[in-house]
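In what follows, structures are represented as structure tokens.
Each of the next two complexes has chain A plus one more chain, namely chain B in the first and chain C in the second.
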Partner chain A sequence: MVAVRSRADRLVASTLRRHLLIALGAAVVLLLLSAQIGAYDDYNLTAVAIFAVAAAGLTLLTGLNGQLSLGHGALMAIGAYTTSLLLKDHRQLPVIVVLLISVVSAGVIGIAFGYAAARLRGPYLAGATLTLAVALPQVATRYKSIFGGESGLTVPPSAPPDWLGADFPPERWLAWIAVAAAVVTMLLLANLLRSAPGRAFKAVRDNEAAAALAGIDVARTQVLAFVISAACAGLAGALFAYWSGITSPAGFSLSLSLQLITAIVIGGLGSLAGAVWGSIVLVFVPLLTSGLASSVHLPSAVADNLPLAIYGGILVIAMLVAPHGIQGALRRILAIGRARREHTPGGGQKGVVDWDDPAPGT
Partner chain B sequence: MEKRGEGKEERVGELSRPTLEVVDLTVRFGGILALDQVSLRIDAGEVVAIIGPNGAGKTTLFNAVCGFVRPGSGRIDYRGEPLLGTAPHRLARLGIARTLQSLGLWPGLSVQENVVAGSNRRPGFVSSLLALPSSDRIEAELASKAHDILGRLGIAGYASAYPLTLPYGVQKRVIIARALMAEPSLLLLDEPVSGLSAEDIDELAGLIKQLRTRMCVAVVEHHLDFVMAISDRIIVLNVGRVIASGTPKEIRDDPQVATAYLGEDVPTPEASSDA
Partner chain C sequence: MSRFFVLSLTGLTQGAIYAAMALALVMIWRATKVINFAQAAMAMFTTYLALFAIDHGAPYWVGFLVALLSGLLLGAIIERVLVRPVESAPPLNVVILTLGLLLFLEALAPMAFGGQIRSFPPAFSIVGLHLGNSQVAFSPFDAFTLGAVLAVMVLLLVLFQKTNLGLRMRASAFNPEVSGLLGIRVGRMLTLGWALASLVGALAGVLIAPSLLLYPTFMDDVLVFGFTGAVIGGLDSAVGAVVGGLLMGFALSYVGGYFGSDLETVGALVILIAVLMVRPRGLFSLQRLRQV
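Let's turn to the complex of A and B:
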């Protein structure tokens, strides 16, 4: 920002160093955490990381670029099926290779859909992506010999490397993979969003004509956002395949797409941190509500539906209390606190807080 | 007039290549003739105002230049090269910047970011993705340039604010700052003073007089005192046609302009169009 910088500022003045520090910090904390918790919680941690990757990609597309996609579950399916096909018949491939190929395959499909999406606006785009979410799983059912039909394809787990010891829990190994993937995704997205591409995404969302006049290629920007978003979904899908051990059409139903939308809205639309909050809610609130429901002894007809009802109730309350999502509420609290400390009158007022700023740590 | 003289001298060298030349431009919206064989030129170093009653086709003319509307016939040349068919987002790189009547500020970006995004120079995708030092360096340069421009317009204090929280007068300056960030050689301003206070209008007039040494400026505006103060030349449009063109003095004394625009014996558009 300022041309003259002190030497001490230099370390954090570099975007890469600042983001790397945050990323490494998060990775270390999560790795330590994964070693403290049991296999079941490692399994849940993995789920949070997977959803965070997909939600981060979706929040870039929907929150920052204004393209509503109801079909991200289908893009996850592309990543998951790519992984499953790569590992079919117990083929051994390094995890990193499988993940990268899955990212590329979803990204390539994303180019095709991105071009279509760039021509569509608002409800038309939502409708088109909805069609994708509904139609794509049918392909797996139709071409049984390749995709395994309704019963799907099994995915062999990724065995922990030997240097971790023979009795290293595979759940923890998968959690490490998922956390590493999520951290790298967040790092790259945060880099993008605080530079020219991030501005272009938002400018196109806010006013296309003005963006074009500022020299931003509107269609290209929209395709780019779609491709990045699809690549994230592909990565999440690949991790999902490892996590669930089976890739079938039922795993990528429309409700998965809607869950992702719920996550980014609850977390705070357009914010990477919000994508993480949303994913935590997505994984842990249903666990919590089913725990609650089973602790009170009710007939099974009621108890079975109670978790969903409580979940819905929590979502409604969350949106009433925090219309800008969890991250929005946190920023607001921080802004009010800062304003109080500095005795700025009117501090923390609406509009002064940047709800949309995705840069972590700001 | 002194200003006029300067403009002429500059034009002698550039006579064969006006900055913007519009020839016989016709734009139709369905049955409505928005622009009817409009021809005009804007030469280097000129400030040209385009005036005319509502519906005269002023904004349509800008939209045709910017590629937002497709003319039925005619030609638009910019620095001797045909401009028609150029996608709107390519204009900035060619040196054409335009502000919109509706401003077009991006509410989700801070004032600083709104201005920075106006630059044609931006770090590439890969260097942004990996946050390479080159992207940081370009970002820092853009930020300090934006800071300078905001300072020159007297709104540096609003750099981190969000546009919709600001008074309208400040918003209008932000939009001009964004246009200046592109270092254009042709600046198109669509109603820059509407909604501004008298003081703000004087300041903007002063700014445009400074800018004319570096770029030519075309202004669509209703505020006649402002137009008279800043323009080297005024072009009057009425129902899609150029009805007069000349110095502010010539325009003020033109009876046809007074009839069509200044409110004396105002005819209805239907009555004045005998096409």
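Let's turn to the complex of A and C:
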């Protein structure tokens, strides 16, 4: 028994190996799941994976590096438009190439934004990124010949490869792509956060002066966080283009950016698992509430707006009762359970819970 | 030249609205260090209440008062019931809370008042005034808009600078703990700050409604431009908010007039970035950047 246990311990002792195991497990479970569910749920699974990629990038920037971005939808738009332009006029390119080019283009533009952002703090950065989120879609509206104006650009779906069989559902193929992208993103980010750059991100967030004294280049760290975050948003945007089949300014409105920031706070700021929880909330709560609203017979003015009202209400209540998000609540429950098992007096009390990544400003 | 003149007049009136919105945001920022995204929906809701009163036979001025007073009340309730409990939570939580409130109110309004787009009556004629024998793009209602915003700003200035209450409010915002030790009811001052800010927002709502039409998200753009103005001016400065708001009004009018209205927000972004690159905390902020 002891021998078995120590072998298991050794297997997960290395961070990389532990992350690889979790990623592999998640990928297998999700692939099996995607085969069990119908095309509609595959479509929703894809949406969760896309939001998870973008939210993971944003939680790295906002939760772990302390830079508040209200304009990540604009960075997603850069990825989506790159994909759409690459695939314009029915050009055939492998998905992986399209995704990588979109990641690079969003990352490169992220360098420019990152340098500007590194000079700004708190609400000033929030204001600048908010304006970016409003302004960028208008560029697409203005230059119709390139970006297709209001009606946007259509994106041809990625056909499943032949070896999967002729009648393999394209929704499931897209779900596979999105899930694979999400798992790889999470794996890379999880490792990054437990390495030197990841610790530098947190050090800069917690105290810039102390980080600088410890030899960390504050501005460079902030730019790096912004670029990685932008690259994630670019990947999410590219997947979003495949998923929606059309890239138009309306798809990247301010509300998309605000949804992303909502997702990471509801899920649990600064944690990758929280980004996943938040993405699930983002996709499934509106579906549930609109199903609920249409099942009871109400006047149309009420029924049409009920899902939004419930969603807004949930945000308000969640902030009042679960300030550290879903992941925070889970950690608390786990900590209480652990304390009970170990008979620690005062288990589950305030202060006993060890928040791995407390939110900035706490 | 005449085109420039016309655009300047439009910019001035629009700028007054953005200035009011910016002021509403800055007052709340100074009191509780919160960016109140719900301000757009709060102003929308109070404007709907004004229209509700007017629909039921009340004269315009009663509707106008309904908007301002309901704004005052709404701001106080939101601060006391929703914002106070999350004061000690991470700062982003309050942002999400106000976003949730924004969505909630924007969904509640069509449920309560009907989903169709409504027109809102102006207090005075919106036909341009005659100067000599030429008509200018400046109506009596524009003059009223400017006058009303100016009057509110002067009243607030007097309140904050010349009265005991204003001094207590400033002290509470400046240092809540010390103010509390000195016997100031800090909580009440914060509630009052939110109430007054919400009143200013409500004023912006009734004043812009005739030219924008009334629908649940009609104040969202005003909020974005007001916020941009507040950031340009410096979030800690009421004067900065007014200057920043006016600047936004002029800039959007010129960009829209000379380059096309679809570049307005791009123009706003360019100006914002240009100002922040030179002064990262806005034009009028007194706080110095901490040098590392």
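Everything below uses one rule, namely that the second predicted complex is superposed on the first by the 338 of 362 C-alpha atoms of A that agree within 3 Å, B and C clash if a C-alpha of one lies under 4 Å from a C-alpha of the other, contacts with A are read in each partner's own complex, and residues count from 1 in each chain.
Here is the rule we go by: contacts are C-beta pairs under 8 Å (C-beta built on N, C-alpha and C of every residue); 3 or more make two chains touch, one makes a residue touch a chain.
This is a predicted model, so every value here is computed, not measured.
Look at chain A after the overlay: chain B and chain C fit there side by side. Applying the stated contact rule after C-alpha superposition, one finds that A:Leu75 touches neither chain B nor chain C.
By the document's definition of touching, of the two partners only chain C reaches A:Tyr124; chain B does not. Applying the stated contact rule after C-alpha superposition, one finds that A:Pro323 touches chain C and leaves chain B untouched. Computed from Cα centres after superposition, the angle at chain A between chain B and chain C reads 80 degrees (steps of 10). Within the superposed three-chain model, A:Leu258 lies in touch with chain C and out of touch with chain B [touch as defined at top]. Contacts of A:Ala212 after superposition: both chain B and chain C are touched.
In the superposed model, C is the one of chain B and chain C that contacts more residues of chain A. Shortest separation of chain B and chain C in the overlay equals 5 Å (C-alpha atoms, whole Å). Once the two complexes are overlaid on chain A, the chain A residues touched by chain B in the first and by chain C in the second are 209, 212, 218. The touching residues of chain A, counted against chain B in their complex, run 1-3, 13-16, 19, 64, 188, 191-192, 195-200, 202-203, 205-207, 209-218, 224, 270, 351-352, 354, 356. Partner chain C is touched in their complex by these residues of chain A: 62, 68, 116, 119-124, 126-128, 130-132, 134-135, 138-139, 141-142, 208-209, 212, 218, 254, 258, 261-262, 265-266, 269, 300-302, 304-309, 311-316, 318-320, 323-324, 359-362. Across the complex, chain A is touched by residues 66, 68, 87-93, 97-98, 100, 103-110, 113, 116-118, 120, 122-123, 125, 128-133, 135-136, 139-140, 143-144, 161-162, 164-165, 178, 182 of chain B.
By the touch criterion given at the top, residues 29, 35, 82, 85-86, 89-97, 99-108, 110-111, 114-115, 220, 224, 227-228, 230-231, 235, 260, 262-266, 268-269, 272-273, 276-277, 280-282, 290, 292 of chain C touch chain A in their complex.
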